[in-house]
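Take this structure first; my questions come after.
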(Lines give C-alpha, C1' and ligand atoms only; values in the text may rest on other atoms or scores of the structure.)
Protein backbone atom coordinates (compact mmCIF):
# COMPACT_ATOMS: atom_id res chain seq x y z
CA UNK A 1 0.00 0.00 0.00
CA UNK A 2 2.57 2.55 1.06
CA UNK A 3 4.98 1.31 -1.61
CA UNK A 4 2.40 1.89 -4.31
CA UNK A 5 1.54 5.25 -2.83
CA UNK A 6 5.21 6.32 -2.74
CA UNK A 7 5.71 5.20 -6.32
CA UNK A 8 2.64 7.14 -7.41
CA UNK A 9 3.84 10.24 -5.55
CA UNK A 10 7.31 10.04 -7.06
CA UNK A 11 6.02 9.44 -10.57
CA UNK A 12 3.62 12.38 -10.36
CA UNK A 13 6.19 14.65 -8.77
CA UNK A 14 8.91 13.66 -11.23
CA UNK A 15 6.66 14.20 -14.21
CA UNK A 16 5.66 17.60 -12.86
CA UNK A 17 9.31 18.51 -12.25
CA UNK A 18 10.45 17.65 -15.76
CA UNK A 19 7.41 19.42 -17.24
CA UNK A 20 8.20 22.47 -15.11
CA UNK A 21 11.83 22.33 -16.22
CA UNK A 22 10.68 22.46 -19.84
CA UNK A 23 8.22 25.23 -18.98
CA UNK A 24 11.08 27.31 -17.55
CA UNK A 25 12.57 27.43 -21.02
CA UNK A 26 9.38 28.13 -22.95
CA UNK A 27 7.14 30.25 -20.75
CA UNK A 28 7.10 33.79 -22.09
CA UNK A 29 7.13 35.81 -18.89
CA UNK A 30 10.44 35.75 -17.01
CA UNK A 31 8.70 36.19 -13.65
CA UNK A 32 6.74 33.00 -14.24
CA UNK A 33 9.96 31.22 -15.18
CA UNK A 34 11.55 32.27 -11.88
CA UNK A 35 8.56 31.08 -9.87
CA UNK A 36 8.55 27.78 -11.78
CA UNK A 37 12.24 27.30 -10.96
CA UNK A 38 11.36 27.79 -7.30
CA UNK A 39 8.71 25.11 -7.72
CA UNK A 40 11.28 22.72 -9.20
CA UNK A 41 13.55 23.30 -6.19
CA UNK A 42 10.72 22.77 -3.72
CA UNK A 43 9.65 19.52 -5.43
CA UNK A 44 13.26 18.40 -5.38
CA UNK A 45 13.26 18.98 -1.64
CA UNK A 46 10.21 16.72 -1.29
CA UNK A 47 12.02 14.12 -3.35
CA UNK A 48 15.10 14.36 -1.11
CA UNK A 49 12.81 13.76 1.84
CA UNK A 50 11.38 10.65 0.16
CA UNK A 51 14.95 9.45 -0.41
CA UNK A 52 15.63 9.62 3.36
CA UNK A 53 17.85 12.69 3.18
CA UNK A 54 16.27 15.18 5.59
CA UNK A 55 19.38 17.36 5.87
CA UNK A 56 19.53 17.86 2.14
CA UNK A 57 15.78 18.45 2.01
CA UNK A 58 15.96 21.25 4.58
CA UNK A 59 18.89 22.88 2.82
CA UNK A 60 17.27 22.67 -0.60
CA UNK A 61 14.00 24.09 0.72
CA UNK A 62 15.60 27.04 2.45
CA UNK A 63 18.01 27.82 -0.35
CA UNK A 64 16.22 26.87 -3.55
CA UNK A 65 12.89 28.31 -2.57
CA UNK A 66 14.04 31.48 -0.80
CA UNK A 67 17.57 32.64 -1.54
CA UNK A 68 17.86 31.60 -5.19
CA UNK A 69 14.41 32.97 -6.00
CA UNK A 70 15.24 36.29 -4.37
CA UNK A 71 18.51 36.52 -6.29
CA UNK A 72 16.76 35.88 -9.60
CA UNK A 73 14.00 38.35 -8.76
CA UNK A 74 16.64 40.99 -8.08
CA UNK A 75 18.26 40.25 -11.44
CA UNK A 76 14.92 40.50 -13.23
CA UNK A 77 14.28 43.85 -11.60
CA UNK A 78 17.59 45.06 -13.01
CA UNK A 79 17.36 43.64 -16.53
CA UNK A 80 13.69 43.27 -17.36
CA UNK A 81 11.83 40.80 -19.52
CA UNK A 82 13.16 41.63 -22.97
CA UNK A 83 15.06 39.09 -24.99
CA UNK B 1 7.79 -2.76 -6.19
CA UNK B 2 10.43 -0.46 -4.93
CA UNK B 3 12.32 -0.66 -8.18
CA UNK B 4 9.76 1.54 -9.96
CA UNK B 5 10.14 4.06 -7.14
CA UNK B 6 13.91 3.80 -7.43
CA UNK B 7 14.24 4.21 -11.17
CA UNK B 8 11.66 6.95 -11.54
CA UNK B 9 13.80 9.18 -9.32
CA UNK B 10 16.79 8.54 -11.57
CA UNK B 11 14.67 9.30 -14.62
CA UNK B 12 13.54 12.59 -13.12
CA UNK B 13 17.11 13.58 -12.26
CA UNK B 14 18.42 12.73 -15.72
CA UNK B 15 15.51 14.53 -17.34
CA UNK B 16 16.17 17.67 -15.30
CA UNK B 17 19.87 17.63 -16.20
CA UNK B 18 19.12 17.25 -19.91
CA UNK B 19 16.43 19.94 -19.90
CA UNK B 20 18.72 22.35 -18.08
CA UNK B 21 21.58 21.63 -20.46
CA UNK B 22 19.35 22.22 -23.45
CA UNK B 23 18.25 25.52 -21.98
CA UNK B 24 21.81 26.63 -21.35
CA UNK B 25 22.71 25.81 -24.95
CA UNK B 26 19.76 27.36 -26.72
CA UNK B 27 18.24 30.25 -24.78
CA UNK B 28 19.09 33.88 -25.41
CA UNK B 29 18.12 35.82 -22.30
CA UNK B 30 20.94 35.67 -19.79
CA UNK B 31 18.67 35.20 -16.77
CA UNK B 32 16.84 32.40 -18.56
CA UNK B 33 20.22 30.69 -18.99
CA UNK B 34 20.88 31.12 -15.27
CA UNK B 35 17.48 29.57 -14.50
CA UNK B 36 18.20 26.60 -16.77
CA UNK B 37 21.56 26.22 -15.04
CA UNK B 38 19.79 26.09 -11.68
CA UNK B 39 17.42 23.42 -12.97
CA UNK B 40 20.37 21.31 -14.17
CA UNK B 41 22.03 21.84 -10.80
CA UNK B 42 18.96 20.50 -9.01
CA UNK B 43 18.95 17.47 -11.28
CA UNK B 44 22.62 16.73 -10.60
CA UNK B 45 22.02 16.95 -6.85
CA UNK B 46 19.08 14.56 -7.16
CA UNK B 47 21.19 12.08 -9.10
CA UNK B 48 23.97 12.22 -6.50
CA UNK B 49 21.64 11.62 -3.59
CA UNK B 50 19.93 8.86 -5.55
CA UNK B 51 23.27 7.09 -6.00
CA UNK B 52 23.51 6.65 -2.23
CA UNK B 53 19.90 5.68 -1.68
CA UNK B 54 19.03 2.17 -0.57
CA UNK B 55 15.31 1.37 -0.57
CA UNK B 56 13.71 0.33 2.67
CA UNK B 57 16.22 2.00 4.99
CA UNK B 58 15.97 5.03 7.24
CA UNK B 59 17.70 8.38 7.25
CA UNK B 60 21.27 8.50 8.60
CA UNK B 61 20.16 10.15 11.83
CA UNK B 62 20.46 7.59 14.58
CA UNK B 63 18.07 7.70 17.48
CA UNK B 64 17.69 5.10 20.19
CA UNK B 65 15.48 2.81 18.14
CA UNK B 66 18.35 1.25 16.21
CA UNK B 67 20.83 -0.99 18.06
CA UNK B 68 24.43 -0.06 17.41
CA UNK B 69 25.31 -3.36 15.77
CA UNK B 70 22.63 -2.96 13.07
CA UNK B 71 23.39 0.58 11.99
CA UNK B 72 25.12 -0.45 8.79
CA UNK B 73 22.11 -2.44 7.65
CA UNK B 74 19.57 0.17 8.68
CA UNK B 75 20.67 3.53 7.26
CA UNK B 76 21.26 4.89 3.77
CA UNK B 77 24.70 6.04 2.62
CA UNK B 78 25.57 9.32 4.41
CA UNK B 79 28.45 10.27 2.13
CA UNK B 80 26.54 11.48 -0.99
CA UNK B 81 24.16 13.43 1.20
CA UNK B 82 27.05 15.28 2.82
CA UNK B 83 28.52 16.08 -0.60
CA UNK B 84 25.19 17.33 -1.93
CA UNK B 85 24.63 19.48 1.13
CA UNK B 86 27.75 21.46 0.32
CA UNK B 87 26.99 21.34 -3.40
CA UNK B 88 23.65 23.10 -2.93
CA UNK B 89 25.19 26.00 -1.06
CA UNK B 90 27.96 26.33 -3.64
CA UNK B 91 25.32 26.16 -6.38
CA UNK B 92 23.38 29.14 -5.10
CA UNK B 93 26.56 31.17 -4.62
CA UNK B 94 27.56 30.41 -8.21
CA UNK B 95 24.05 31.33 -9.37
CA UNK B 96 24.35 34.68 -7.57
CA UNK B 97 27.67 35.31 -9.30
CA UNK B 98 26.11 34.28 -12.63
CA UNK B 99 23.23 36.72 -12.18
CA UNK B 100 25.49 39.60 -11.18
CA UNK B 101 27.83 39.04 -14.13
CA UNK B 102 24.81 38.80 -16.43
CA UNK B 103 23.27 41.99 -15.08
CA UNK B 104 26.51 43.94 -15.40
CA UNK B 105 27.18 42.62 -18.93
CA UNK B 106 23.65 43.47 -20.01
CA UNK B 107 24.10 46.96 -18.59
CA UNK B 108 27.20 47.31 -20.72
CA UNK B 109 25.70 46.06 -23.96
CA UNK B 110 22.26 47.52 -23.39
CA UNK B 111 20.45 44.25 -23.92
CA UNK B 112 20.01 40.98 -22.09
CA UNK B 113 20.69 38.98 -25.25
CA UNK B 114 23.67 36.79 -24.62
CA UNK B 115 24.64 36.80 -28.31
CA UNK B 116 25.50 40.48 -28.16
CA UNK B 117 27.85 40.10 -25.24
CA UNK B 118 31.12 40.06 -27.09
CA UNK B 119 33.10 39.77 -23.86
CA UNK B 120 31.39 36.51 -23.01
CA UNK B 121 31.47 34.95 -26.46
CA UNK B 122 32.59 31.36 -26.70
CA UNK C 1 -11.93 3.60 13.56
CA UNK C 2 -12.29 5.90 16.50
CA UNK C 3 -14.15 9.19 16.40
CA UNK C 4 -10.89 11.11 16.36
CA UNK C 5 -9.65 9.21 13.33
CA UNK C 6 -12.88 9.77 11.40
CA UNK C 7 -12.79 13.47 12.25
CA UNK C 8 -9.16 13.60 11.12
CA UNK C 9 -9.95 12.05 7.76
CA UNK C 10 -12.94 14.33 7.25
CA UNK C 11 -10.76 17.36 8.01
CA UNK C 12 -8.05 16.13 5.64
CA UNK C 13 -10.52 15.66 2.79
CA UNK C 14 -12.20 19.02 3.35
CA UNK C 15 -8.82 20.79 3.53
CA UNK C 16 -7.74 19.12 0.33
CA UNK C 17 -11.01 20.10 -1.32
CA UNK C 18 -10.57 23.73 -0.33
CA UNK C 19 -6.98 23.73 -1.60
CA UNK C 20 -8.19 22.22 -4.87
CA UNK C 21 -10.86 24.88 -5.14
CA UNK C 22 -8.23 27.55 -4.60
CA UNK C 23 -6.09 26.13 -7.38
CA UNK C 24 -9.09 25.98 -9.67
CA UNK C 25 -9.88 29.59 -8.80
CA UNK C 26 -6.37 30.69 -9.70
CA UNK C 27 -6.75 28.98 -13.06
CA UNK C 28 -10.28 30.09 -13.88
CA UNK C 29 -10.80 33.54 -12.38
CA UNK C 30 -10.80 36.40 -14.87
CA UNK C 31 -8.48 39.06 -13.40
CA UNK C 32 -5.74 39.51 -10.83
CA UNK C 33 -7.95 40.60 -7.96
CA UNK C 34 -10.24 37.60 -8.13
CA UNK C 35 -7.29 35.27 -8.46
CA UNK C 36 -5.69 36.89 -5.44
CA UNK C 37 -8.84 36.24 -3.48
CA UNK C 38 -8.78 32.57 -4.42
CA UNK C 39 -5.05 32.22 -3.92
CA UNK C 40 -4.70 33.69 -0.44
CA UNK C 41 -7.92 33.27 1.55
CA UNK C 42 -8.70 29.75 0.44
CA UNK C 43 -5.15 28.48 0.89
CA UNK C 44 -5.06 29.79 4.46
CA UNK C 45 -8.24 27.94 5.41
CA UNK C 46 -7.27 24.83 3.45
CA UNK C 47 -3.84 24.55 5.05
CA UNK C 48 -5.24 25.04 8.54
CA UNK C 49 -7.91 22.37 7.99
CA UNK C 50 -5.30 20.00 6.59
CA UNK C 51 -2.99 20.51 9.57
CA UNK C 52 -5.92 20.09 11.97
CA UNK C 53 -6.69 16.77 10.30
CA UNK C 54 -3.11 15.66 10.76
CA UNK C 55 -3.32 16.72 14.40
CA UNK C 56 -6.40 14.55 14.91
CA UNK C 57 -4.64 11.56 13.37
CA UNK C 58 -1.35 12.05 15.25
CA UNK C 59 -2.09 13.82 18.56
CA UNK C 60 1.61 13.74 19.51
CA UNK C 61 2.41 16.32 16.84
CA UNK C 62 -0.10 18.91 18.02
CA UNK C 63 2.44 21.41 19.49
CA UNK C 64 4.47 21.49 16.28
CA UNK C 65 1.33 21.71 14.15
CA UNK C 66 0.09 24.56 16.31
CA UNK C 67 3.32 26.45 15.65
CA UNK C 68 2.93 25.86 11.91
CA UNK C 69 -0.68 27.08 12.01
CA UNK C 70 0.39 30.19 13.88
CA UNK C 71 3.06 30.84 11.28
CA UNK C 72 0.57 30.42 8.44
CA UNK C 73 -1.91 32.77 10.11
CA UNK C 74 0.84 35.36 10.49
CA UNK C 75 2.36 35.13 7.04
CA UNK C 76 -0.28 34.17 4.51
CA UNK C 77 -2.55 37.24 4.83
CA UNK C 78 0.48 39.52 4.87
CA UNK C 79 1.79 38.05 1.64
CA UNK C 80 -1.64 38.49 0.09
CA UNK C 81 -1.68 42.08 1.25
CA UNK C 82 1.78 42.77 -0.21
CA UNK C 83 0.74 41.17 -3.50
CA UNK C 84 -2.44 43.23 -3.67
CA UNK C 85 -0.55 46.44 -2.98
CA UNK C 86 2.02 45.59 -5.62
CA UNK C 87 -0.78 45.01 -8.13
CA UNK C 88 -2.46 48.24 -7.11
CA UNK C 89 0.71 50.13 -8.04
CA UNK C 90 0.19 49.11 -11.67
CA UNK C 91 -2.61 51.25 -13.13
CA UNK C 92 -3.22 48.94 -16.08
CA UNK C 93 -4.54 46.24 -13.77
CA UNK C 94 -7.36 48.44 -12.47
CA UNK C 95 -10.76 47.02 -13.44
CA UNK C 96 -13.18 49.17 -15.42
CA UNK C 97 -16.22 48.78 -13.19
CA UNK C 98 -14.51 49.80 -9.97
CA UNK C 99 -16.93 51.76 -7.77
CA UNK C 100 -14.66 52.74 -4.92
CA UNK C 101 -10.89 52.76 -4.46
CA UNK C 102 -10.04 53.35 -0.84
CA UNK C 103 -6.32 52.87 -1.23
CA UNK C 104 -6.08 55.56 -3.88
CA UNK C 105 -8.23 57.94 -1.82
CA UNK C 106 -5.85 57.78 1.11
CA UNK C 107 -3.20 59.17 -1.16
CA UNK C 108 -0.70 56.63 0.04
CA UNK C 109 0.83 54.62 -2.71
CA UNK C 110 3.71 52.54 -1.48
CA UNK C 111 6.93 53.28 -3.25
CA UNK C 112 5.90 56.60 -4.79
CA UNK C 113 6.96 59.83 -3.23
CA UNK C 114 3.97 62.10 -2.79
CA UNK D 1 17.82 27.84 -35.52
CA UNK D 2 21.16 26.16 -36.07
CA UNK D 3 21.96 26.70 -32.43
CA UNK D 4 18.66 25.15 -31.36
CA UNK D 5 19.21 22.11 -33.57
CA UNK D 6 22.80 21.68 -32.44
CA UNK D 7 21.73 21.94 -28.81
CA UNK D 8 19.00 19.39 -29.39
CA UNK D 9 21.45 17.00 -31.04
CA UNK D 10 23.95 17.35 -28.19
CA UNK D 11 21.24 16.85 -25.59
CA UNK D 12 19.88 13.81 -27.42
CA UNK D 13 23.34 12.24 -27.60
CA UNK D 14 23.86 12.89 -23.90
CA UNK D 15 20.43 11.50 -23.18
CA UNK D 16 21.32 8.31 -25.04
CA UNK D 17 24.53 8.08 -23.02
CA UNK D 18 22.61 8.59 -19.78
CA UNK D 19 20.02 6.01 -20.79
CA UNK D 20 22.84 3.58 -21.43
CA UNK D 21 24.83 4.34 -18.29
CA UNK D 22 22.28 4.87 -15.54
CA UNK D 23 20.66 1.40 -15.72
CA UNK D 24 24.12 -0.05 -15.25
CA UNK D 25 24.22 1.47 -11.78
CA UNK D 26 22.80 -1.59 -10.09
CA UNK D 27 20.83 -1.14 -6.93
CA UNK D 28 23.07 -2.02 -4.03
CA UNK D 29 21.90 -4.23 -1.23
CA UNK D 30 24.53 -3.25 1.32
CA UNK D 31 26.66 -0.26 2.11
CA UNK D 32 30.14 -0.53 0.70
CA UNK D 33 33.52 1.06 1.14
CA UNK D 34 33.70 4.48 2.71
CA UNK D 35 29.99 4.70 3.37
CA UNK D 36 30.08 1.43 5.27
CA UNK D 37 32.94 2.52 7.49
CA UNK D 38 31.34 5.91 8.17
CA UNK D 39 28.06 4.26 9.11
CA UNK D 40 29.63 1.59 11.27
CA UNK D 41 32.15 3.70 13.16
CA UNK D 42 30.72 7.19 12.84
CA UNK D 43 28.67 7.42 15.97
CA UNK D 44 31.34 5.92 18.22
CA UNK D 45 34.19 7.99 16.83
CA UNK D 46 32.52 11.37 16.61
CA UNK D 47 29.72 11.13 19.14
CA UNK D 48 27.28 12.62 16.63
CA UNK D 49 23.89 11.02 16.09
CA UNK D 50 23.55 12.67 12.70
CA UNK D 51 25.94 10.84 10.42
CA UNK D 52 25.68 13.44 7.66
CA UNK D 53 26.93 16.14 10.01
CA UNK D 54 29.64 13.76 11.19
CA UNK D 55 30.82 13.30 7.59
CA UNK D 56 30.67 17.01 6.77
CA UNK D 57 32.33 18.36 9.87
CA UNK D 58 34.53 15.59 11.20
CA UNK D 59 35.58 13.18 8.46
CA UNK D 60 35.55 15.66 5.59
CA UNK D 61 36.20 18.75 7.64
CA UNK D 62 39.10 19.83 5.48
CA UNK D 63 36.89 19.63 2.38
CA UNK D 64 34.31 21.72 4.14
CA UNK D 65 36.97 24.30 4.93
CA UNK D 66 37.82 24.47 1.23
CA UNK D 67 34.15 24.69 0.37
CA UNK D 68 33.69 27.59 2.75
CA UNK D 69 36.61 29.29 1.01
CA UNK D 70 34.86 28.81 -2.36
CA UNK D 71 31.72 30.33 -0.89
CA UNK D 72 33.76 33.22 0.44
CA UNK D 73 35.27 33.83 -3.01
CA UNK D 74 31.88 33.82 -4.71
CA UNK D 75 30.25 36.18 -2.24
CA UNK D 76 33.25 38.49 -2.25
CA UNK D 77 33.13 38.61 -6.03
CA UNK D 78 29.45 39.56 -5.96
CA UNK D 79 29.97 42.29 -3.38
CA UNK D 80 33.08 43.59 -5.12
CA UNK D 81 31.48 43.80 -8.55
CA UNK D 82 28.40 45.51 -7.20
CA UNK D 83 30.61 47.99 -5.38
CA UNK D 84 32.75 48.71 -8.42
CA UNK D 85 29.89 48.96 -10.90
CA UNK D 86 26.90 50.31 -9.02
CA UNK D 87 23.46 49.84 -10.49
CA UNK D 88 20.63 52.24 -9.87
CA UNK D 89 18.06 51.02 -7.41
CA UNK D 90 14.65 52.27 -6.45
CA UNK D 91 13.79 51.45 -2.89
CA UNK D 92 10.11 51.37 -2.16
CA UNK D 93 8.42 52.12 1.11
CA UNK D 94 6.64 49.04 2.50
CA UNK D 95 3.14 49.31 3.85
CA UNK D 96 2.44 49.39 7.55
CA UNK D 97 1.22 45.78 7.75
CA UNK D 98 4.28 44.41 5.98
CA UNK D 99 6.57 46.52 8.12
CA UNK D 100 4.94 45.25 11.31
CA UNK D 101 5.19 41.63 10.22
CA UNK D 102 8.79 42.11 9.23
CA UNK D 103 9.44 43.34 12.74
CA UNK D 104 7.66 40.44 14.45
CA UNK D 105 8.66 37.43 12.39
CA UNK D 106 12.50 37.59 12.30
CA UNK D 107 12.86 36.64 15.95
CA UNK D 108 11.16 33.22 15.74
CA UNK D 109 12.74 32.48 12.37
CA UNK D 110 16.17 33.30 13.72
CA UNK D 111 15.45 31.10 16.74
CA UNK D 112 14.66 28.32 14.27
CA UNK D 113 17.99 28.85 12.51
CA UNK D 114 19.89 28.85 15.80
CA UNK D 115 18.09 25.62 16.73
CA UNK D 116 19.27 24.08 13.47
CA UNK D 117 22.85 25.02 14.19
CA UNK D 118 22.82 24.03 17.85
CA UNK D 119 21.23 20.65 17.17
CA UNK D 120 23.28 19.86 14.11
CA UNK D 121 24.72 16.72 15.67
CA UNK D 122 21.38 15.46 16.96
CA UNK D 123 18.74 16.08 14.34
CA UNK D 124 18.61 17.01 10.64
CA UNK D 125 20.08 20.42 10.06
CA UNK D 126 23.48 21.90 10.52
CA UNK D 127 25.58 24.90 9.77
CA UNK D 128 24.56 25.37 6.15
CA UNK D 129 20.75 25.30 6.43
CA UNK D 130 20.84 27.18 9.74
CA UNK D 131 23.02 29.87 8.22
CA UNK D 132 20.72 30.29 5.26
CA UNK D 133 17.68 30.53 7.53
CA UNK D 134 19.38 33.31 9.49
CA UNK D 135 20.32 35.04 6.25
CA UNK D 136 16.68 34.89 5.18
CA UNK D 137 15.70 36.77 8.34
CA UNK D 138 18.17 39.44 7.30
CA UNK D 139 16.41 39.54 3.94
CA UNK D 140 13.03 39.81 5.65
CA UNK D 141 14.18 42.75 7.76
CA UNK D 142 15.57 44.39 4.66
CA UNK D 143 12.36 43.93 2.69
CA UNK D 144 10.21 45.22 5.52
CA UNK D 145 11.97 48.48 6.10
CA UNK D 146 13.24 51.16 3.80
CA UNK D 147 16.57 51.32 5.57
CA UNK D 148 19.32 48.75 5.36
CA UNK D 149 20.26 46.90 8.52
CA UNK D 150 23.89 46.58 9.52
CA UNK D 151 24.78 50.23 9.03
CA UNK D 152 28.03 49.87 10.88
CA UNK D 153 29.34 47.19 8.58
CA UNK D 154 29.86 44.46 11.10
CA UNK D 155 29.05 41.65 8.66
CA UNK D 156 32.58 41.32 7.21
CA UNK D 157 33.95 41.23 10.77
CA UNK D 158 31.61 38.40 11.72
CA UNK D 159 32.51 36.57 8.54
CA UNK D 160 36.24 36.89 9.12
CA UNK D 161 35.87 35.89 12.75
CA UNK D 162 33.90 32.77 11.80
CA UNK D 163 36.42 31.72 9.16
CA UNK D 164 39.30 32.40 11.53
CA UNK D 165 37.69 30.38 14.31
CA UNK D 166 37.19 27.47 11.92
CA UNK D 167 40.90 27.47 11.15
CA UNK D 168 41.88 27.95 14.77
CA UNK D 169 39.69 25.06 15.90
CA UNK D 170 41.52 22.96 13.34
CA UNK D 171 44.89 24.06 14.67
CA UNK D 172 43.74 23.32 18.20
CA UNK D 173 43.51 19.72 17.04
CA UNK D 174 47.14 19.88 15.86
CA UNK D 175 48.26 21.24 19.22
CA UNK D 176 46.53 18.64 21.35
CA UNK D 177 46.10 15.53 19.24
CA UNK D 178 48.59 16.06 16.42
CA UNK D 179 45.96 16.12 13.69
CA UNK D 180 44.26 18.98 11.88
CA UNK D 181 40.58 19.21 12.75
CA UNK D 182 40.81 16.30 15.13
CA UNK D 183 37.37 15.79 16.53
CA UNK D 184 37.80 13.61 19.56
CA UNK D 185 40.19 15.51 21.81
CA UNK D 186 37.40 17.33 23.62
CA UNK D 187 35.70 14.05 24.39
CA UNK D 188 32.76 12.82 22.41
CA UNK D 189 30.24 12.56 25.23
CA UNK D 190 27.17 10.40 25.06
CA UNK D 191 25.51 10.51 21.63
CA UNK D 192 22.09 12.09 21.86
CA UNK D 193 22.77 14.73 24.48
CA UNK D 194 23.28 18.30 23.41
CA UNK D 195 26.83 18.56 24.75
CA UNK D 196 28.41 15.80 22.74
CA UNK D 197 30.16 15.26 19.49
CA UNK D 198 33.48 16.83 20.41
CA UNK D 199 34.29 19.67 18.06
CA UNK D 200 31.18 19.28 15.88
CA UNK D 201 28.90 21.87 17.57
CA UNK D 202 31.66 24.49 17.63
CA UNK D 203 32.49 24.05 13.97
CA UNK D 204 28.79 24.04 13.12
CA UNK D 205 28.47 27.42 14.83
CA UNK D 206 31.43 28.71 12.83
CA UNK D 207 29.98 27.42 9.54
CA UNK D 208 26.55 28.82 10.36
CA UNK D 209 27.89 32.27 11.22
CA UNK D 210 30.00 32.31 8.06
CA UNK D 211 27.21 31.23 5.71
CA UNK D 212 24.73 33.62 7.32
CA UNK D 213 27.04 36.61 7.13
CA UNK D 214 28.07 35.83 3.56
CA UNK D 215 24.53 35.60 2.20
CA UNK D 216 23.49 38.62 4.25
CA UNK D 217 26.40 40.52 2.74
CA UNK D 218 25.30 39.52 -0.75
CA UNK D 219 21.76 40.76 -0.11
CA UNK D 220 23.05 43.94 1.45
CA UNK D 221 25.15 44.53 -1.64
CA UNK D 222 22.08 43.96 -3.81
CA UNK D 223 20.15 46.54 -1.84
CA UNK D 224 23.04 48.97 -1.55
CA UNK D 225 24.17 48.77 -5.14
CA UNK D 226 22.61 52.08 -6.03
CA UNK D 227 24.43 54.05 -3.39
CA UNK D 228 21.46 55.41 -1.45
CA UNK D 229 19.79 53.30 1.18
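Chains here go by letter, A, B, C and D, matching the order in which they are written, and residues are numbered from 1 within each.
As a convention for this text, contacts are C-beta pairs under 8 Å (C-beta built on N, C-alpha and C of every residue); 3 or more make two chains touch, one makes a residue touch a chain.
Source: prediction; values computed, not measured.
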Chain pair showing more contacts of the two, A-D and A-B: A-B
Centre distance in Å when chain A and chain C are each reduced to the mean of their C-alpha atoms: 21
Chain B and chain C, separation of their C-alpha mean positions in angstrom: 31
Centre distance in Å when chain A and chain B are each reduced to the mean of their C-alpha atoms: 11
Interface hub residues of chain D, defined as touching at least two other chains: 50, 52, 87, 124, 126, 128, 132, 218
Chain B: positions in contact with at least two other chains: 22, 26, 59-61, 81, 85, 88-89, 96, 100, 103, 107
Chain A residues counted as touching two or more neighbouring chains: 53-56, 59, 63, 67, 71, 74, 78
Pairs of chains satisfying the touch condition: A-B, A-D, B-D, C-D
In the complex, chain D residues that touch chain A: 50, 52-53, 87, 116, 124-126, 128-129, 132-133, 135-136, 139, 215, 218-219, 222
Complex contact set, residues of chain A against chain B: 3-4, 6-7, 10-11, 13-15, 17-18, 21-22, 24-25, 30, 33-34, 37, 40-41, 44, 47-48, 50-56, 59-60, 63-64, 67-68, 71-72, 74-76, 78-80, 82-83
Residue ranges of chain D in contact with chain B within the complex: 3-4, 6-8, 10-11, 14-15, 18-19, 22-23, 25, 27-31, 34-36, 38-40, 42-44, 49-52, 54-56, 60, 63-64, 67, 70-71, 74-75, 77-78, 81-82, 85, 87, 123-124, 126, 128, 132, 191-192, 211, 214, 218
Complex contacts: residues of chain B adjacent to chain A: 1-2, 4-5, 8-9, 11-12, 15-16, 19-20, 22-23, 26-32, 34-36, 38-39, 42-43, 45-46, 49-50, 53, 57-61, 76, 81, 84-85, 88-89, 92, 95-96, 99-100, 102-103, 106-107, 111-113
Residues of chain A defined as touching chain D within the complex: 53-59, 62-63, 66-67, 70-71, 74, 78
